[in-house]
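Structures for review follow.
Two complexes follow with subunit A in common, the first pairing it with subunit B and the second with subunit C.
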Partner chain A sequence: MQVFLQTLVGGLSLGAVYALVALGFALVYRTMGLVNFAHADVLMVGAYVASTFTMTEHLPFAAAAAAAIVVTALIGLVIERMLRPLEGKDFDLMLIGTIGFGIVLEALATLVWGATGRAVPSPVQTAPLHLLGASIPSYDLVVTAVALVAMVALSLFLERTRRGVAMQAVAMDYDAATAVGINVGRSNAIAFAIGAGLAALAGALVGPLLYVSPTMGGSIGIDGFAAAILGGFGSIPGAVVGGVVIGLISSFSAGHFHGYSDLVTFTVFAVLVMIRPTGLFGERTVVRA
Partner chain B sequence: MTSDLQPLQRRAAVLRRPDLRRLGRPAGYLVLAVLAWLLPYGLGGYDMHVLDTALVFAILAIGQGLVMGIAGQINLAQVAFMGVGAYTTAILTTQEHMAFWPAAVLAVAAAALMGLLIGLPALRVQSHYLGIVTLGLSLAFLNWVTNAPLAGSGSGLSGIPVPPLGGVDLTNDYLYYYVELLAFVAALAFGLFVVRTRLGRRMRAMRDDSLAAGSLGARIPVLRMTAFLLAGVYGGVAGVLYAGLIRFVAPETFSITEMFLLLAMVVIGGRQSLWGCVVGALALSAVQEELTDLSTYAQLGYGAVVVLMVVFAPTGLAGVPHRLRTALQRRAPGPESATVGPFRPYPPAEPRPDAGTLLQLDAITMRFKGLVALSEVSLQVRAGEIRGVVGPNGSGKTTLFNIISGLYRASAGTVALQGRQIGGMRPYRLAHLGLARTFQNLRLFRRLTVREHLLAALDRSPTRWAWRYVLWPVGVWRGERDLGRQADALLDRFGLAAFAGAIPYALPYGIQRRVELARAMAGSPQLLLLDEPAAGLNGTEKAQLVEIVKSIRDSGTTVVIIEHDMGLVMSLCEQVTVLAAGRVIAHGSPAQVAADPQVIEAYLGRAAADRAGQEQPVTTPSEEPS
Partner chain C sequence: MSASPVRRVLTLSTGLAALVALAACSTPGAKTTTGQGSAATGDLKIAVVDAQSGQNSALGGWEYKGAKLAVDQWNARGGINGRKIALTLFDDQGDPTVGTNLASKLAGEGYIAMIGTAESGVTVAMEPTLKAAGIPNITSGQSNALTAGGDPFVFLNGPTSTTYDATLAKYVIDTKGLKKIAMITNNGSYGKGEHDAFLAELKKRGITPLTDQVVTTSQTDFSAALTTIKQKNPDVVFIGSEEVEAGLIVKQARSLGITAPFAGSAPQGTPVYVNTAGAANAENTIVSSPYLSNDTSDASKAFAAAYLAAYKTTAELHGAKAYDGTEILLTALKTSNAATGAKLADAIRATHYQGLLGDFAYDSTGVGIFATKIGVIKNGQLTAIG
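Let's turn to the complex of A and B:
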C-alpha cells in the first residue's frame, strides 16, 4: 500500500508535467493541425534557460521560469514564421520541418551549454509532507499546482477572450476564419508562441525533477505527445487526463519493470492508439468524399 | 484565352519531344557501374571504411524512401529495423554460435517481422500519429537492447565472426565493399522496379489519396503493410551488412539521433526518388565524416538544411533537375496547341432487352451521431439505365453514393448489386465487383501523371499478386507492357493523349474532370457513379460530357449521376430520383419530376409550389439555389 501510494504520488507529479507538454502539443494542433516535433526540444531549451537563471544569476525560480517562457515563445515565433509557407498545404512536410528545427535546437543547446547536462537543485527546500505513510516532496506539490493554474488559465483564455475564440475558429475552418477577418497568420503565431511557452514552463518545472541535458527532450516529448494523443488530440481536458494517465503508466511500469519501463510504456501506448485512435475525448471525424 | 493556354501548349510540346534521356540512360548506368567498381582504387584505407558505412546507410535510406516517400507512411523506426537486423545477427552468432550467413537470413526475417509489427498501427492511424507511434516503438526497442543481458546489457555485443565467403577475406574493407556494392545494386534495382511498376504505382496513389486509391481497387491495409515489410527487409539487410562490417553492435548506433540523421538524408536527397535517397545518404555520410570533430556543427547544419529544404525545395536534390527544366521552359517559346482531343465513342454493346435490376437499395438509413442524413431511402436502378439523382444541397446525395461505394456503412438497410448484398463491403472489393465512381471535389493523385492515373486504375490485380515481384519478376514486367497498351488506348479514347505525361493538377479544370472520368472507366465497370460531373464545366464541355456519358451507357455500363444542372439531367436521364432532407420525395421521368409540387417546394419553397399548382405548365427549377 505504501509503495503503491508513493508510486501514485510520483506518477501524478510526472503526469502534471506531461499534461503541460500535452497542452502545448494540443494547442498548436488545435489551431494549426500541426504536430510540432520540435516541442520537446523547446522544452529542453526552456529547462536550460530557467536553470541557468536560477543557478548562475541566482534569480528566483518564478522569474527564471518567466524568462524561459519569453525566450522559448520567441523561438516558437521563429519556427512558425519559417514554416508558414507550408501551412494548410502539406502536413507531412511541416512535420519533417519541425523535426529539422528540433535537430537545430538540440545542436544549439549542445554548443551553448555543453553535451554533459546538469543537475538542478530543487527551488523548494521545505520537508516533504507525510500522508498515509507516503512521503510527498513539497516540490511535487508546487509542480502540480503550477500545472493546474496554467491549465485553467489556458482554458479561460481559449473560451473567454476574443483572441482565444478567434484561434479556435481558425482551427475549425481556416478559410471561413480568414473570410470573417481573423488574421490567421497572427493567430497561428500566437498559438505557437503560447505552445512554446507551455513547453518552457514544463521544462522549468521538470528541471529539478530530472536531469537537464540536450537530449532530455526525447522521452519527455514522446510521453507528452502520447498523453496528447491518448486524451484525444486537440482536447484540452483530454490532454490533462492523458498526461496523468501516461504519468501513472510510466511511474508504475518503472516500479514493476525497472529498466524496461520505456518498453512497457511505449508498447502499451501503441496498443492503446490502435484500439482507440481518437483518444479518450477525441471526436470521431467522418471522412468526406 | 490564348495566353491562358500558352504554358499548356509548351508543356504538351515538351511531352511530345522524343525522350533523349531514355537513350542516355543505359549508358549512364554503365558509367556509374564502372565508377563504382573503380572507386576503391583511388581511396585510402580509412576512406574505404567510411564508404562501406555510407553504403549501409544508402541501403537503409532506400527502404525509408520506399515506405515514406513512395507509400507515404511516416515511419520513424527505420533505424530500429536496422538495429533488429544487426542485433539478431550478433545474438545468433555470438550467443547461439550460429554461422554468419544462416544468422543473416534469420536476421533479415526478424527485421521483416519487426517491420510488420511496427507497421500495425498504420492500419489505424496515419501521418503524425503514425510518426510518434513508430518513434515510441523504436525507443521501446532501444530500451530493450540497453537492458537485456541477451543483447549485452547496453555495452553492446562484440566478437561477431567475419562473414565467410569462399576464400575471400572479408576483414578487408576493400573486398567487403564489393560484397556491399552487389547488395546495394540489387536493393536499388529491386526498389526502382517496385516503384516503376504496379505495386509502386499503387503505393504512390495511396500516398496521394488513399480514399480514391481504395475505390480503384487497391487494398489499402495490405499495401501499407507491404510498405512496412519492404522497409523492414531493407533495414534487415542494412543491419546484417553493418554487423558484418563493424563486427560490433551497440545501442547508440540505432538511436533517435541516427533516425533523424537518416530522415535528413532522405529529405535532403528527395524522399520521392530512390536515387535521391541514395545521393542524400552518401552525401550526408561524407559531410558527417568531414566534420567528425565538429559533429555538433554538422548536426546544426543538417538540421538547418532540412528546414530550408522542406520550405524551399520539398522534392529535395532529386527534384532540382526538374525544377531547373521547368524554369528554363518558361522562357522557351512553345509552338503547338494542345487542347483536349475529341472523345472516341465506345463500340455499342448488344442491347439486352431482359436487363434486370442492377442496383437495389432497400430502406437505407444513415445517422451521423444525432443527424439523420438518409432515412429509409429505397432505390432501384435497371441495368443499362442512366439514373439522375437530384436534390438540394444537404439532401444526402453524396452520402448515398458513399454508402453504395463502400466508404460508409449504412446504419440500417441493404444494398445489393446484381442481387448480391454489398452493404458494408470495402471499396476495393466493390471496385473488383465492377463499381466505379468519381468524386464531387476531384480526388486526383497529386503527384501522378495522367497516364499513371489510368495505369493505376487499369491495374485490377489482387494484392497477393505482389508475390510475383519476388518469384516471377518477368511476369510483372510483361503485365506492365499490357497495362501500358491499355492505358494508351484509353488516353486516346478520352482525347487525353496530349496530356499523358502531365500532372493533372497543372491542367485546366475541364481536363481534370475528363481525367477523372477516364480513370473511373478504366476498370470497365458495370455501374458508374458520377458525383456532379458537370460542376465547373463550360457549355462545350457539358455537351461533350453528355455525349461521353451516353456512349458509356451504350457500351453496357449503367450510370447513376448526381447533378445540379437540370438541363443536363433532363437531356441525359431516363429516370430521376429526387432527394430532400434525406428522403426520396419523387421519382419518375424528368418531366414528371419537374412538375411534382413536392419537388418544387423542396427547391423553391412552399409559395412557389402553390403558385405552380395554380398555373400550368410548371416552371422547371433550372439551377439549384445556392
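Let's turn to the complex of A and C:
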C-alpha cells in the first residue's frame, strides 16, 4: 500500500510537468496545425534562464520563473516570425524549421552555459508532508498547483477572451477567419509566445527536480509529446490528462518492470493510441496546408 | 494529422541528428597536417575520444584535461625522441554509434593510439574497429565487459568494477559489519557491471540483498524503487549509477525519509554527484576509489598544482586517471622508439609505472591496477577514512 501510494505521488508530480509540456505542444498545434519540435529545447532554455536568475542573481523563484517566461516568449516570437513566410505554403519545411531551431537552441545553450550542466537547489526547503505512510515532497505540491493554475488560465484565455476566441477561429477555419478580419499572423505569434512561456514554466519547475543541461529537453520532450498525442493532439484538457496518464504509467512501470520500464510505458502508449487514434479527448483533427 | 507526416518528421529529425553528429565529428581533426598514415616521421598523432556534450560531458571534460596536461608536459620537455605529440579531441557524445564512426575515422586518418572513452559502452562498441586497425586504446571505463573479449589493444587506466566492489564489500560488510544491504543500479553498461560485481561479492559472503532494484538510465522518478527500499529498512544502500542519476536518486531517497548511507564507487566521489544530490543528502556516502584526494602523495600534489595552473580548477579522479593512462602510453612510445600497432600494445603491456592511482603493471587482459581505497563524503568533500 505504501509503495502504491508513493508511486502514485511520484507519478502525479512527474505527470504535472509532462502536462505543462503537452499544453505548449497542444496550443501551437491547435492554432497553427504545426508540431513545434523546438518546444523541448525552449524548455531547456527556460530551465537555464530561471536557474541562472535564482543561483547567480539570487532572485526569488517566482520572479526567476517569470523572467524565464518572458525570455522564452521572445524566443517563441522570433521562431514564429522566421517561419511566417512559410505559413500556408510549405508545411513540411515549417516542421523541419522547428527541428532546426531546436538544434540551434541546444548549441547556443552549450556556448552560453557550457555542456556540463548544473544542479539546481530546491526553492522549497520545508519537510515533506506525510499522508497514509506516503511522503509528499512539498515542492511537488507547488509543481502540481502551478500546473493546474496554468491549465485553468489557458482555458479561460481561449474560451473567455476575444483574442482567445479569435485564435480558436483561426484553428477551425483559416480562410474564414482571415475573411472576417482576424490577424492570423498575430494569432500564431501569440500561440508561439504562450507555448514557449509554458515550456519555460515547465523548465523552471523541473530544474530543481532534475539536472539542468543542454540535452535535458530530449526525454522530457518525448514524454510531453506522447502526453499531448495521448490526450488528443490539440486538446487543452487532453494535454493535462495525457500528461498525468503518461506520468503514472512511467512511475508504475518503473516499479514493476524495473529496467524494462521504458519499453512497457511506450508499449502501453502505443496500444492506447491504437485503440483511440484521436487520443482521449481528440474529437477532430486539424489538417492545414 | 495523419500518421505519415509525423513519422516522416521523426525520421528526418533522426537523420538530421546523425548529420549534425557527423559534422561535429569531422571538424576537430581537420587541422592536423603532418604524419598522415605514417609513424616514422612527423608528429605522433594521438586521439582523445570522449563525450564533450550530453549528460556525461563532465566526465569527458575531466578526462581531456588530464590527457592534455600529460601531453603538454611531454611536449614541453621536447616530445618523444624529438618528435612532437599531436593530441586531437573528438566528441563521442557518450553515444556508441558516434563512437563507432569515430573509430573508423581514427583508423583512416592514421592515429597511432587513442585515449578514452570514459564510458564502457562506447569503448566496447569501438573495440572491433580499433583492434582491426591495430590502434591501442587506453580507456577510463571500468566495466568487466571491456576485458571479456580478450582484445590485446584495450587497456584500462584504472581498476575494474570487480576491484572497486570487492574493496567496497570488504569495508562495508567485513569491517563495518553492515549486512542488511539494499541495491539500486541502472541497466546501462556501467550500472550492469556494478550490479553484477557487487552481487558476486555478496554471494561470496553468503549474503542476499534485501532488495535488488534496477532503474533505467533515463529515469527521473524513483518513487517505487525507493519506497520498496525504505520498507526493507537497510543498513546501507549500494548504488551503481553515473553521477547525475545517482545524485537524483539520493536526493529523492532523502525526501522519502531513507536515512541509511549510500555506498558506491568512482561516480559517488565526484562534485557533480554531491551537487546534484545536495551536500547534506550526500553526507556519509561511502566511496570506493583509487584516488581519494589531491593530497595523498607528492606526485598527486604536483599533478594537482599543474592541473590548477593549467585549467584554474581543482583536479579530481577522472583527470588523474586519464593523466596516468596518457603517461603510460607516452612512456611506452618512448621505450619502443615510437612503435605502432601490436608492438606499441606490447610496449604498453610491458610498462611498469608508478602513477597517481598506484603502481601499474598490466596483465594479459589489459588491467594494470588492482586496488582501490575507501573514502567517505564529509561536508561535501571526499575524505579518506581513519
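Everything that follows uses one rule, which is that the second predicted complex is superposed on the first by the 283 of 289 C-alpha atoms of A that agree within 3 Å, B and C clash if a C-alpha of one lies under 4 Å from a C-alpha of the other, contacts with A are read in each partner's own complex, and residues count from 1 in each chain.
As a working rule, contacts are C-beta pairs under 8 Å (C-beta built on N, C-alpha and C of every residue); 3 or more make two chains touch, one makes a residue touch a chain.
The structure presented is a predicted model; accordingly, all values stated were derived computationally and were not measured.
Annotation for the three-chain superposition on subunit A: subunit B and subunit C clash. In the superposition on chain A, contact of A:9 is made with subunit C only, not with subunit B.
In the overlay built on the shared chain, the residue A:145 is in contact with neither subunit B nor subunit C. By the touch criterion stated above, A:96 is placed in contact with subunit B and with subunit C alike. When the two complexes are overlaid on their common chain A, residue A:35 makes contact with subunit B and with subunit C alike.
In the superposed model, A:274 makes contact with subunit B only, not with subunit C. Of the two partner chains, subunit C is the only one touched by A:252; subunit B is not. Of the two partner chains, neither subunit B nor subunit C is touched by A:153.
Shared-chain residue A:226: touches subunit B; no touch with subunit C. Applying the stated contact rule after C-alpha superposition, one finds that A:211 touches subunit C and leaves subunit B untouched. Shared interface residues of subunit A, touching subunit B in one complex and subunit C in the other, are 35, 37, 91-92, 95-96, 99-100, 103, 110, 115, 215, 219, 233, 259, 261-262, 286-287.
Those residues of subunit A that touch subunit B in the complex are listed here as 34-35, 37, 82-83, 85-86, 90-97, 99-108, 110-111, 115, 215, 218-219, 222, 225-226, 229, 233, 259-263, 265-267, 269-270, 273-274, 277, 286-287, 289. Put simply, subunit B touches subunit A in their complex at residues 72, 74, 120-121, 123-125, 127-129, 131-133, 135-137, 139-140, 142-144, 146-147, 211, 256-257, 260, 263-264, 267, 296-297, 299-300, 302-307, 309-311, 314, 368, 398, 401-402, 405, 407-408, 439-440, 443, 531.
Subunit C meets subunit A in the complex at residues 1-2, 5-6, 8-9, 12-13, 16-17, 20, 52-55, 57-58, 61, 186-187, 213-216, 218-228, 231, 244, 247-248, 255-257, 272, 275-278. Here subunit A touches subunit C in the complex through residues 2-3, 6-7, 9-11, 13-14, 33, 35, 37, 91-92, 95-96, 99-100, 103, 110, 115-119, 121-122, 128, 134-135, 137, 209-211, 213-215, 219, 233, 247, 250-252, 254-256, 258-259, 261-262, 285-287, going by the rule given at the top.
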